[in-house]
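Presented below are the structures under discussion, each in the form of structure tokens.
The two complexes that follow have chain A in common; it is paired with chain B in the first and with chain C in the second.
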Partner chain A sequence: MNKIIIGIAALCLTLASCEKDNYDGPDSGLTGRFIDAESGQLVEQDIIRGTQIEIIEHGYDPVTPQYLIVKTDGTYENSMLFSNTYTVKPVRGNFINVEAQEVQITGRTTLDFTVTPYIRITNASITRSGDKVRATFNIEQNVINNVKKIGLYAHQDARVGEPMRQVAAEQQLNAVADPAHQYSLEIDVPSNSSVLKSGRAYYFRIGALIDVGEAKLNYAPAVKVDL
Partner chain B sequence: MKIFRIAALALAAYLVLACSKKKGDDPTTPLPPEVEEVVYDESGCLYTSYNNLVMAGYQGWFAAEGDASQRGWYHYRNGNCGGFMPGCSAVDFWPDMQEYTQTYKSPFRFADGSDAMLYSPYDASSVDLHFKWMKDYGIDGVFMQRFVVEIKSSNPSGKRHFNQVLQNALAAARKYDRAISIMYDLSGCTPEDVAYVEQDWNELVSSFDLFNNKTHPTYVRHNKKPLVAIWGVGFNDNRKYSIANAAALIDKMKGPSKKVSVLLGVPYYWRSLGNDTEKSPALHDLVKKTDIVMPWAVGRYNNNNYANIAGAELAGDIAWCRNNNIGYVPLVFPGFSWGNLRNDPSLYNSIPRLKGEFLWKQVAGAKMSGAGSLYVAMFDEIDEGTAIYKCAREGELPLHGDMKFVGIEADLPSDHYLWLTGQAANWFHGQQGYSVQQPVR
Partner chain C sequence: MKKLLYTGFTGMVVLALGCAKVLDLEPTDKLQASQIFSDPQGVKIYMANLYSQLPIEDFAYFRQGFNQNGGDPNNGGFSAAMQTDEAVHTEFGDFIGDNDFQWWDQGYKLNRDVNLLVDAIPLLDIRDEERAALIGESSFIKAYTYYALAKRYGGIPLIKNTQQYNGDAEALKVPRSTEQETWDYVLQLCDEAIANLGESNGRRASKWIALALKSRAALHAASVAKFGSRAPMSGDAVSAKLVTLDPSLANGYYQQCISAAEAIINSGKFSLFRPNPANAAEAAENYRMIFQDPNGAMSTEAMFLKGYTLPGNNLGHNYDIWYQPAQVANGWPHPGRMNPSLDLADVYERYDNPGQDAPIATTVDGNVNDYNGYSQSKNYIRYDHPYDIFNGKDARLWGTTILPGTNWKQTPIIIQAGYVKPNGEAVIRIKDQVTIDGKTYYTYGAESTSQYSGFDTYGGNNTRTGFSFRKFMNQSNPIVPGWNQSTNDFIEFRYAEVLLNYAEAVVESGSGNTTLAEQVLNSIRHRAAHSTEVSLTSENVQRERRVELAFENKRFWDLIRRREFHTAFNNRFMHAILPLQDLRALPETKYIFVRVNVPNSNPKTFEPKSYYRYIPGIGTNGLVQNPQY
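Right, the complex of A and B next:
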């Protein structure tokens, strides 16, 4: 009997507490693009360890910042936010620092960032010839820092990048890039046969990393190559 | 009970009325009169914008024993070790004295026993020579440093000194068509000292007739107003004055009719409020009220880590200023040395000049990042060894007891840094043919 009473009491308490906590869920979201101020193209990103968007909800003190991730193609979308005013600032990006801004997020709010990427990879070409996959490209840098390294990355997933690759060919530059120079990198398929299986398609992507604090790589779009 | 309700209603009605009154809807309240922005006659003015200019800071704080200032070896001497004598000085570099006409015998001698001479900027002829050099080498001009603690009313000899140097400089600037402006340095100020700047500025404007385009055609204008610089706002090094004190000063100096344009000297990491910057967004509010921002870069990097440190800062600063419609002037400096000032031989050449490589790297970095003008620290700063003017070379320096003087590299001419700054000015004026490589003479 006692157990039943305790059980009922516990149930009541549970139900009551459920009702008490039953606030509306997050019904708003923030979505947008990172656009190259000069070329108008999307600024490509890493899906993991990539650029993040720091958002700080107003009205709480102290408040823990939330971080939104950005997709490989340079777009982002988060639909689980509470309607409120937020201070929004992209951080640890692959573009020249942009100012924080206050944004009223209600419903599906769109916010594009017009940015100047640290590096533009131009004239990018990825081709397979025989046993090699070869990338050629030029580097245009928008800050005076050194370019740390350039790389060609391969993965069977289209979201390939420096942190998400099965095979990589990298070159340390540690110098200011010469905009007139055609850089080239190649991956030898047979010597990576344990990873790059013939008869399958892989994605190859060119990246370059600027020597700036927590900067992330800049990329050209990934290219699908049948091996 | 009903009485309570009526009382509550009455109270509510009163509150609503009281609140709405506060919003200023009352038609009997007169609006403040519209103040028209002052318009200056800029005809004949040679420098109507800081854009594309390369200007240096001019300390002019030295005095020589025997000059008319009667301040002894002011700023050559080092009070921490007993004055100005072999083994004790404030200065690391020694001016190249060959072209000065008024010179003073210093307590120092060369190895051959001959006297080492020095100049005093209290003498018009010495300041005249400096401005002649600016013209000869193509440097646009200088900001006359005005240390508020040196010119406040409790320091009449300091004020007399800096006013005399300014008078010399205004005459020379006109004679050689060199740009000139005034930079107040707030270091060491109390809040009262900061407020005093307005009074000093008004005195200068009236006593020198500073805004007269005929008398001072080379006084720098910017955004259609005479330009004045306020240096030292937003540093977190326990200054006695606040950003709010500086903001109040600038409000007053501009006034409702926007009498002047203001260049604000801020810490290097002003935008991110990092490192030695006060973590206060009020700094950004103040920057937005000014016309140009100039971050202090001396000692923030050296030749090896310059690009890594300055690259992202320059690019971020320039983008921020463009978005906020503020002018931006990066600072460059040839090197740094203050072994004598700090009485520590390990601090000689603490940021090496590398024969101009370091200075040129910054010039190219600023230019290639998109900066439109430069501030060079400094024209005549030999205490901290950032001077670009002619200094004696290694091997041609006076003896200094168990200390030493630092010279221009022996295989360079003594005017190398003047020449190199002139080359920077050419580049910023749009002349072609310059790159990251230091130009060859």
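Right, the complex of A and C next:
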């Protein structure tokens, strides 16, 4: 009998310390788009090693910055943030630097960035003729730096880009681009037969990199091509 | 009342008893600092401990850190070379992770241990020259420590003296110095070591070793300054100059490298081991001998060795069990992990085309950029032996790797990826056999897993690049199938490296003695049986460095300091060569070769942030983090 009483007492003591002391989980989020100031279009990005948005939560010191990644189409969303004031700044992007801003994030907060991309790829066309996939395009640059390289990238995934490609045809320019010149790049399918299998569809995307430290490539939207 | 008195009295007795010093015991199982440092013998033992902590990237250095040969040494044999373009592992496809090659806590622990000794040196009852030697040695160890920290983290807190804890933890926090101040401190410590150390100190640090360290450290700093713009960085650490160096500093550091290396060269104390081989075969064997037992080169080329004396925990290493080919595993279940890459093999010069990379052509058209695999329509060059395709390549390729069909421990090492059947169909990397005219042929060149060393995925024991590993391997004795059984020494400072440091500093800075630089560059090539001299160019120096110092854990830092990692590894596949027996040639025995991406591998990409490691524990130490971590 005594044992049972002691047992119950012990159990009560144990349970008494079980008060719920968890913090609430993150209940807010930040979402938005990168919009070309001139054309009003979304600014295409890389899914890996692409533009990042640095957010620094206020009220902690020292504080480790968090980085949000941006989707290939130029939109982003992180729905697991704590409600607070943050300093938000896109970093290491493919557009002219934007200033940091303070943002009160509560609920699903929307924040669009209007930016000037380093390079605009216009009149882009990707077509297959026979064994070749050929891309033609014009380059319009918004800074005076050289264009480092242009490239045509292929991958079986739609999120293709320079860092995520199975085949690339690149050309080192290292010169200021001529807006009137039509650039063209070509991927030969048979000479990449171990990767580009005929009968399958692959995504091709044109990219161009400006010669600015830590800059990322600018892109035209990916195009699906049946081989 | 009485009760109260008793209680009070008892209480007083207890309290009074507590005042006796019964609890202030000197521990009997630990020595006090004063006891160690009051005795020169104690200082020697303490010094031995400091040496064992030196950040030497040797046989026990892996991504987890230094001295991975105690406790549980099973890390799969994933060496630092596999995170460069020198090699791949048979199984792992990993690349550089954030937590790899960290050395923060251990670095500052070693720094504190040295500082404690430095505090004690003036109090020791020893002769003046012994005191100078101790000061020199502590400066050397400290320089080494800060060199290893600086190349990982950039600018770091410089704890120049022992810190005392006075109840205020905040007072112990030291902010980061700039990267420039840090490198300058490393070089200043080197100078202190050089000034105090003697000419010779047995196997311990001497003036020459300190000079060699200085040439290495100065070259690193100079390269970061010169090539930093290849990989621009941004962030708080960059704005505060905690990482990166201004390009204008490059020549000053190159100059320091030049003068340190020149002092060693002009001393005449060191020379290359067996500098005049009669032929390439002899050169290959000489080169291999340096590493199998560096003690043979002790008075010539091997300047500073880390010794491995006894089999067992912390005293032996595991290179032989991890890296010798499967055929000689001698019962050890996990051999063959080191697979030198075709990319490296391509870099070795051909004797008939000096001063050029010599990619190995496998087809008549000589296309070395085709990695699409075997095709009946391609015209492959046929060879009589599986190693003939490598004839005429630099002896060091033969001394560094085990090539298909070459002998190792009197055993021909069979590395074969498959065969081409008489009808032209190839069977590659599939266990198969075919009988033609009463003779059976096997895809892997032999019947059972114990008889070949290539391409079968069995146990992860067989190379998947076409090359196995020779450099550092012990040819004399059978493998002892157990942990930490290898006891050959590691050369940390080798005269050839000093010569290459010199040549690089001269060619990159455009100052110094170019004649001497060209001469020392060619002396290394001459030792490898080259008879044609090459000119002093950046490209020739880098090629020479890659082939001469391959697998000595230098390549990783060369790619870091010259900021070549992110361009060398941008979505990069490593490459392999598949030796196939061509049964179309029967009854003749002929082999063909196919260049491919390493089977079952993924492309590798270097993240520019990895040019610096992240600093652990910024939440408590309050330091500025490195960019992008």
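The working rule: the second predicted complex is superposed on the first by the 206 of 227 C-alpha atoms of A that agree within 3 Å, B and C clash if a C-alpha of one lies under 4 Å from a C-alpha of the other, contacts with A are read in each partner's own complex, and residues count from 1 in each chain.
One rule holds for everything that comes next: contacts are C-beta pairs under 8 Å (C-beta built on N, C-alpha and C of every residue); 3 or more make two chains touch, one makes a residue touch a chain.
On a predicted model such as this, the values are computed, not experimentally measured, just so you know.
For the composite obtained by superposing both complexes on chain A, the positions of chain B and chain C are free of clash and fit together. By the document's definition of touching, of the two partners only chain B reaches A:116; chain C does not. Applying the stated contact rule after C-alpha superposition, one finds that A:40 touches neither chain B nor chain C.
By the touch criterion defined above, A:146 reaches chain B but does not reach chain C.
Once chain A of one complex is fitted onto chain A of the other, the partner contacts of A:165 are limited to chain C, with no touch recorded for chain B. Using the contact criterion defined above for the overlaid structures, shared-chain residue A:193 touches chain C, although it does not reach chain B.
When the shared chain is aligned, no partner comes close enough to touch A:107: not chain B, not chain C.
When both complexes are overlaid on chain A, the residue A:25 reaches neither chain B nor chain C. In the superposition on chain A, contact of A:213 is made with both chain B and chain C. Legend: residue contacts after superposition of the two complexes on their common chain; A:92 is shown touching chain C, with no touch to chain B. Between chain B and chain C, the shortest distance over C-alpha atoms in the superposed arrangement works out to 5 Å.
Shared contact residues of chain A, touching chain B in one structure and chain C in the other: 213. Against chain C, in their complex, chain A makes its touches with residues 49, 62, 64, 67, 91-92, 162-165, 168, 191-194, 213-214.
The part of chain B that touches chain A in the complex is made up of residues 271-272, 307-308, 310-312, 314-316, 319-320, 323, 364-365, 368-369, 436. Chain A contributes residues 96-99, 116, 142-146, 176, 210-213, 215 to its touches with chain B in the complex.
Residues 229, 232-234, 370-373, 570-571, 596-597, 605, 607-608, 618-619, 622, 625, 628 of chain C are the ones that touch chain A when the two sit in their complex.
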